[in-house]
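Starting off with a structure, shown below.
Chain IDs A, B and C follow the sequence of writing; residue 1 opens each chain.
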Amino acid sequence: MANLRAFAMPKWGIEMTEGVVAEWMVAEGVPFKKGDLLALIETDKITNEVEAEADGMFPRLIAQTGGTYAVGELIAVLAGPDEAISAADVDAFVAGFRPADSKVASKAGDAPPPPPAPAAPAAVKVAIAADARISPAARAFAEAQGVDISAIIGSGPDGRITFQDVQQASLPPVAIGGGTSVDLTPVGETLGNVFASPLAKRLAVQHGVDLTGVTGTGPKGRIGKADVLALVKPVTVDKAAPSAPIAFARPAPGTAEIVKMSPMRKAIAKALSHSKSTIPHFYLRSAVRIDAILGLRAQAKAATGEAPSINDYIVRACALALARHPDVNVQVHGEEIHRFGSADISVAVATDKGLITPIVKGADTLSVAAISREVKALAEKARTGRLQPDEFQGGSFSVSNLGMFGIDQFDAIINPPQGAILAVGAGTRQPIEIGNALAFATIVQLSLSCDHRAIDGAVGAAFMQTLKGLIEEPALLVG
Amino acid sequence: MQLSREALIRAYRQMKTIRLFEERLHDEIALGEIAGFTHLYAGQEACAVGVCEHLGPTDYIISTHRGHGHCIAKGCDVVAMMKEIYGSRDGLCKGKGGSMHIADMNVGMLGANGIVGAGAPIAVGAGITAKSNGTVSIAFSGDGACNQGTTFEAMNMAVVLKLPVIFVFENNHYSEHTGEAYAVGAESMTARSAAFGMKAIKANGIDFFSVYEAMRELINYCKAGSGPASIELDCERFYGHFEGDPQRYRGPGELDRIREERDCLKTFRTKVTEAKLLEGTDLDKVDAEVTDLIDRAVAEAKQADRPTPQDVLQDVYISY
Amino acid sequence: MAIKMIRDVIRDTIDAEMARDDSLIMLGEDIVGGNGAPGGPEAIGGIWGTSGGLWAKYGADRVIDTPISESAIIGAAAGAALTGKRAIAEIMFADFIGVCMDQIWNQVAKFRYMFGGKTSCPLVIRMPYGAGFNAAPQHSQVIHQFVTAMPGLKVVMPSTPADAKGLLTQAIRDDDPVIFLEHKALYGVKGEVPDGDYVIPFGHARQVTQGDDITILATGMMVGFAEKAAAQLAQDGIGCDILDLRTTSPLDEEAILDSVERTGRLLIVDEAPPRCSFATDLSALVAQKAFASLKAPIDMVTAPHSPVPFARELESAYLPSPDKIVASAVKLMSYRRGSA
């Protein structure tokens, strides 16, 4: 067998976890001399020239130019300069290659599955004091996993640390949310007399299933979840594009995973840094009741089977308010303020690459249903990367809604060159005083960020007053 | 038996302290300074003081929701009481009990009590201790608590066990907002007590001397090992059931009349000055001193330390 | 070590403590019995036989026979305890707590707190409880679920003669009010009892059996049921970690969580109906603090949501049993966590 060796991604400095092969300076199968330049490898800090330490030859270059490879990962197969190498030898070598770090192998797509992880990885072994307030199972786990218990606040009796406490502390934080917004529409009046479980009623509303006349399989004919789901029209799933499983990256304890900013993220970073550091932001906050909108929405659902989102109503309300307050419907360009006759509203959409803000053009002339359809279409384009530049550049105002993540209230950064952005929180049921009595209302917290160079406090406040009125008594929003 | 000049002044001082304490609370509550339910004792001072002037720290009393007067008469610290009512952590009960639960075991005061009729059974237990100490145990109740089954159980058990317990029924003629004439089914509270098989008498709760002399007789009776006794004291409540009570159940001019004609402090002053036992100036001097004391109590209560959230879990148990 | 029945342990422990402490008194209906009757005092000595001979030994001022007046019994014991005595009050059946609840809940439990920590009420309220005698709905109940929920009370439920001695001694010497629950069906249970002074501190569960598969939590009569079930399960290779909690307040959370972290399965056996009960309280504790350790849903073997019935067939259907515990354990061991 030929004398083959691995040429792996080198590690320069303790922080380097991966590198980009910027360019191979030698070709496959061509001998080189000691000191020849073999490759250019970039890290996030530097570009290094890799020289040959001895005469030799690469019977195979594995790394693609521009590709990113983990430290220790096989990027080429090295041999002596004059050796006769068969492709089968190289294949066997690649198949048998095991990097020092098992984590790397799992990233190398074509490498075989790694051997089982060693039982005691223990990146940081922590000695746990004998008198520590910790349960035996928790102690054993913390010692085996090298979990530092000093920062854990125990949930057991008198702050004693439980297994659950250590187990949770050993795991990376879980990103919450990221799904589509949850439909919290109150069950429509027509469902009131249907003999169904609350969950079944909710599912029926979500899926547009008519439960009248349906007899359930539950006790005394009660309609249950399964009954409703049986009536939901099957959704055809595009099997060619299965959605990727959600993976929560888990860096080793004490290290960070370094991810290069995508061009899109760089663009977001640049635009928003500029906005936040140069635009004099001020914020106007107001709580609005959305019960009337919820009622309209239930009516729309009952009448058309379509339910616009709360955000669609808010976009519509913003459009009408902007039409009444043209001083807010502006862009700022140096020492010029551009005032618009049409409300072109950017709607923030989260995609897996980052935030993008497609524009609902002429929102003041569109019905809520039309806005709803437009937003859905734009969001779909944004998520699949098919948005055209004129569909997300420009706009005179933005709406950002994080209510679906349960965010009660936040302030948004202005999307330049626009003059203002509205941040919309989650609808929460709260007791309010009506007359001398207490009642419950669904309240949403709004926060308007304004560019003070163009919009004064009173101007913004007047806009908010109009907006609140439209949302709370939304007769004008429909029709 | 003739009371000494010092004893008379002391009794007057106690009654006046109760009166001014309650009147001041009435004003402070109206200003919104004090939280919760407060039941004022003003009008009934001769009852608490006429009973408690006979008692020492190892005699026990248990009180009612209208307990400030009993606390003061039994010797609770007035400033610490005021702090408690203001909810301070320096209050007599560290702000945990408030107006309805003031207690001080050091002076034999087993607590005001928020549950009408709950005190009498506990007084029976204190009577067990009193019997072994040669002291007495007093259950203060009103014409409301006299109709509670717990009171009946306690009276019967005290008779059965022959305990030195005196059931003091202060009949102010209102159980909360309902008249005694309606709620007490027996011919009288005194007659009902007698039916339990105990010595039962009645005295004029407007007149300190009437209460005081009747109690002397009953305490001697109990300490002689004759078993429990009861006394009904006819008296008046100058304020509502609780502060904020509009008192629509009162008759026209009733409050003005009882304050004019049935005020135990006026009765006391008239009696002692007409009998030349004390001068009006002696009493005026006490009035001024008590006014200063109450002013100081309120001022200190308003400045006193507030409890902290950490105090919530303190004193649920002695050992955990 | 002597072999004794629980009823005798209770009596002997009270006797020893009355001899030790002159301030200790005892009150209750028929704890002497026969007073005012032709048979004369001591005709009864407590209907459960837990106070025989004490009246003769300590006198009527310390062993106090009372009328049937539960409020006055508890109130009198409380008043004596507030003023320097130690007191034991016997409520003949725990079911009668209904007529003295105010004294227990609003008075005894709250004295120390509402009086700002300046009082103590060293009082033991002994209450025979539990089903198994066809005594029908008002003489068969458990009440630990109510009193455990009341801050200010400690609640004890011994299941063996030795525990009865150690826990009752602690209860009498404790400065806080204690509800001491004696299961009627256990009075005749015999076992070894340590000689001399024997105190078991509150809040320490007893490890009854050790096993790696299922944690079983039980109190009172349920402990014996769990042991019977565990013996049967052991033959099938299922190891039960039985904890007799002994005191429901304070609760030995540490022992419970440690055991569940080890076994990953929890079965709670409780004689109370299942709603808002001690069993649900324990379930909540483990669901909150040992969720990560659970391999199967928590299971409870309890009485149903009904009063305790009279007829034999009905009462045995009502009560938890070793068979029901075995069935639950098998269910827990067969549980498979689905992938979706």
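Everything that follows uses one rule, which is that contacts are C-beta pairs under 8 Å (C-beta built on N, C-alpha and C of every residue); 3 or more make two chains touch, one makes a residue touch a chain.
Here the structure is a predicted model, which is why all the values come from computation and not from measurement.
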item: Chains linked by the largest number of contacting C-beta pairs; value: B-C
item: Per Cα centroids, the chain farthest from subunit A; value: B
item: Centroid spacing, where centroids are CA-atom means, of subunit A and subunit B in whole angstrom; value: 69
item: Approximate Å spacing (C-alpha centroids) for the pair subunit A, subunit C; value: 54
item: Inter-chain centre distance, subunit B versus subunit C - centres from mean C-alpha coordinates, in Å; value: 40
item: Subunit B residues touching subunit C - in the complex, by the definition given at the top; value: 60, 62, 84, 91-97, 101, 103-105, 110-111, 113-115, 118, 120-132, 137, 149-150, 153-154, 156-157, 160-161, 314-320
item: For the subunit A and subunit C complex, residues of the former touching the latter; value: 135-138, 155-157, 160, 162-164, 167-168
item: For the subunit C and subunit A complex, residues of the former touching the latter; value: 253-254, 257-258, 261-262, 288-293
item: Touching residues (chain side subunit C, partner subunit B) in the complex; value: 25, 61, 64, 66-67, 69, 71-85, 87, 102-103, 106-107, 111-120, 151-152, 154, 174-176, 203, 250
